[in-house]
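Report on the structure given below.
So that you can tell them apart, the chains are marked A, B and C in the order they are listed, and the count of residues begins at 1 in each.
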């Protein structure tokens, strides 16, 4: 037992000194390896942070939203639906909601407009809007209404101080009166209905009842929204990852090439080691330690760099790809969400392929004939 | 198909491992046909060199199998939100008919790769490599299984489509469903607990006998294998109840979660580790008194037996600890 | 003491190909313990190949090599002391090689970029011996060959004679009973070659078995040589009188 540990210690020590001896070659390998780990780790961290944000937003979402479809497209919901649905057993509350999107032509941004109980003539805006319009509390914002007559003059009551900005940046909250004026929104209709139920287990039964009653209604459950968010992020992330796997593959080829194309110098060294009494498995162990040191350093540096990139600088390299190209670009710090699972996945995506790719080249190197050194 | 990062990584790695093991299998076939230790021919020398490649591949595959087993369960758990009705890994694995076979294959391949490494360890310590043919015959069993696992796993993941209604773990492991996992959960807790402690005691006793007297190696190995199976069944049948402190929750995966202090890892690590070493002890039995192995195997078997007994003891201690400090008390 | 006996040893390369050739052909030879044996012959005569076979670096294509009087850890206790090394796998050959043979090469074969001390200790790394133990032994050897002051310098800084002594110190680190040297004086001038033979003398006095392949008269005409075996084209042409 002791001898085994000593053997590992001695060989590990020698492998460290070997790595240092070939500084330039190993530094370039380490740099590329770290870059790969960094890219994939950034992506994984970013995805999980985004999912977490989405989860935060949906936490306050209603149990169920009912929309109305007309010819397969979403349409306004008559308020009469709300009354009838509220009468169903198990429904605690039905709230008609008014919301929509406003294209702000001067800035070219798309704003999300929602309503709340507040005095007419006042609005609350998200920080993105505030940035875009260079307006803060007590300033007046002008919005062009749909009837092409008087523009709406709205005073900013406050800029929303959201801890997470992802969804709130482009938000404008106004009174129902202003909303109907702005969009010429027909009376007696709502954008959709938000339902609260007594027992969440009955949601799907209830959804069935609603569809029975109104064949043109489309109930959407909170869990479905969560699922959709999740799979969208997974899908987008997956696409990115597929592209990155191409990068990983080229790296593997590079690593293979590095390991196979042993320089004459290295071949000679292994030949010497074998001639003075090192055995194939000793050289394999040497190569294992070299690989482990390189892999673990690359993993360590890559993960730290990715952590800084994603959580301190909000992943500037990925945002455009993963969040869509909005002018109203949220500027926010992602909240760290790293767990062992992600690190495990990351390990599997980077270190494991590298290790498998180097098995054969290392074995080739280790099986150089011991008498080769005597024949040079 | 779900483009989840973990799914992609599991599939790539299985593919890589499959290719490597296939390569090892090819070497194995050549060795089975042409091995002749007495010969100094170039063919023999090159075959000997290739045995190093095979053992390296198998060592990495072994580590890969255990990691992929846990990553697989974890991923299934992570994806459960995508499937209506799935509340944890148990539900996700049940989305299509490949989920559980893949899990089983991963466990079997882990045990086989571990056993192979034990045989290999013994073999390379005998100067005439007496186990070489047995070893490579075993390899020819492992290689197709690892490939099959990669294929089944591909079928499982490619058959995953978000939103399929599945039975969640509550339904799958509750008593009224009539499938295999339901049957295990339906095993009554009390007789199962008795069987569990009996199996662990039997392992301890037979291990003790084998360790000190060198007798009953076969018995010990068989008992330890039975104890492994009983251990897994007990985990579902009654140990889980104490972990979750719910009289009806039988899921064998939830205990890997943070909420339960990752206790599942300790349980599975000790149980799987003990199973490998126990199995390895038995596999070595036929060569115990042959030529160069006389020096190697009995000593090795003693160590393996000791490791098995210690790991199973640890498992039992963790279980006892959970039972003692669980808020749940079953009336028995 | 070890006695090495070779019976009908042959070694062929590239069997079955056009380039097939027989490097050592049906050689039988006994090497006496505690003596200096010289293998003499032109280059290409098979001396080096024969030495790699004796030194457990390679396995013969046919024939038997027996090391008598040695006992390895993996041998059953009832077996007689002595090993037939011809059909041992590399792992075991290597084990024997490490504890029985020390090698000195024509090119010295020292690793560039690491210190003299590390070079000397290199053969001991994979044995699993405690680092302090063999470091101590290496220190003693460096003293003995008066190169201790270079211990921490990289080998590139050393002169030819010093390199030679480092190579010998390295061959001795695992305390082998047999020293095998392949053309050790080929890159040395006369003075250094004589110095080498002086060292051989001390090793012989210390009871080591020494086997040198050389076509340098300083070596094979030396009074230290107990026996000179001549080789040509893979066969022994004159095996000299047994000492």
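Definition applied: contacts are C-beta pairs under 8 Å (C-beta built on N, C-alpha and C of every residue); 3 or more make two chains touch, one makes a residue touch a chain.
Computed from a predicted structure; not experimentally measured.
J.: Where the centre means the average of the CA atoms, what chain is farthest from chain B?
T.: Relative to chain B, the chain with the farthest C-alpha centre is C.
J.: Report which of B-C and A-B is connected by more C-beta pairs in contact.
T.: Pair with the higher count of C-beta contacts: A-B.
J.: How many angstrom lie between the centres of chain A and chain C, each centre taken as the mean Cα position?
T.: Computed value for the inter-centroid distance: 63 Å.
J.: What's the distance between the Cα centroids of chain B and chain C, rounded to whole Å?
T.: 48
J.: Suppose each chain is reduced to the average of its Cα coordinates; what separation in Å results between chain A and chain B?
T.: 34
J.: Which residues belonging to chain C are in contact with no fewer than two other chains?
T.: Touching at least two other chains: 90-91.
J.: Hunt down the residues of chain B that sit against at least two other chains at once, touch-wise.
T.: 49 - these are the residues of chain B that touch more than one other chain.
J.: Going by the touch rule set out above, which residues of chain A reach two or more other chains?
T.: Answer for chain A, listing residues that touch two or more other chains: 280-281.
J.: Touching chain C in the complex: which residues of chain B?
T.: Interface residues on chain B, with respect to chain C: 37-42, 45, 48-49, 124-129, 291-292, 294-296.
J.: Quick check: in the complex, which residue numbers of chain A touch chain C?
T.: Its residues touching chain C are 2-7, 9-11, 13-14, 17, 21, 265, 269, 271-273, 275-282, 285, 369-371, 373-376.
J.: Where on chain C is chain B touching in the complex?
T.: 11, 13-15, 59-62, 74-76, 86-92
J.: Contact residues on chain C for chain A in the complex?
T.: My answer: residues 48-49, 51-52, 57-58, 90-91, 94-95, 97-98, 103, 105-107, 109-114, 118, 122-131, 170-171, 174, 182.
J.: Hey, which residues of chain A end up touching chain B in the complex?
T.: The touching residues are 43-44, 47, 223, 226-227, 230-231, 234-235, 237-239, 241-242, 245, 280-281, 284, 341, 344-345, 347-349, 352-353, 355-356, 359-360, 362-363, 366-367.
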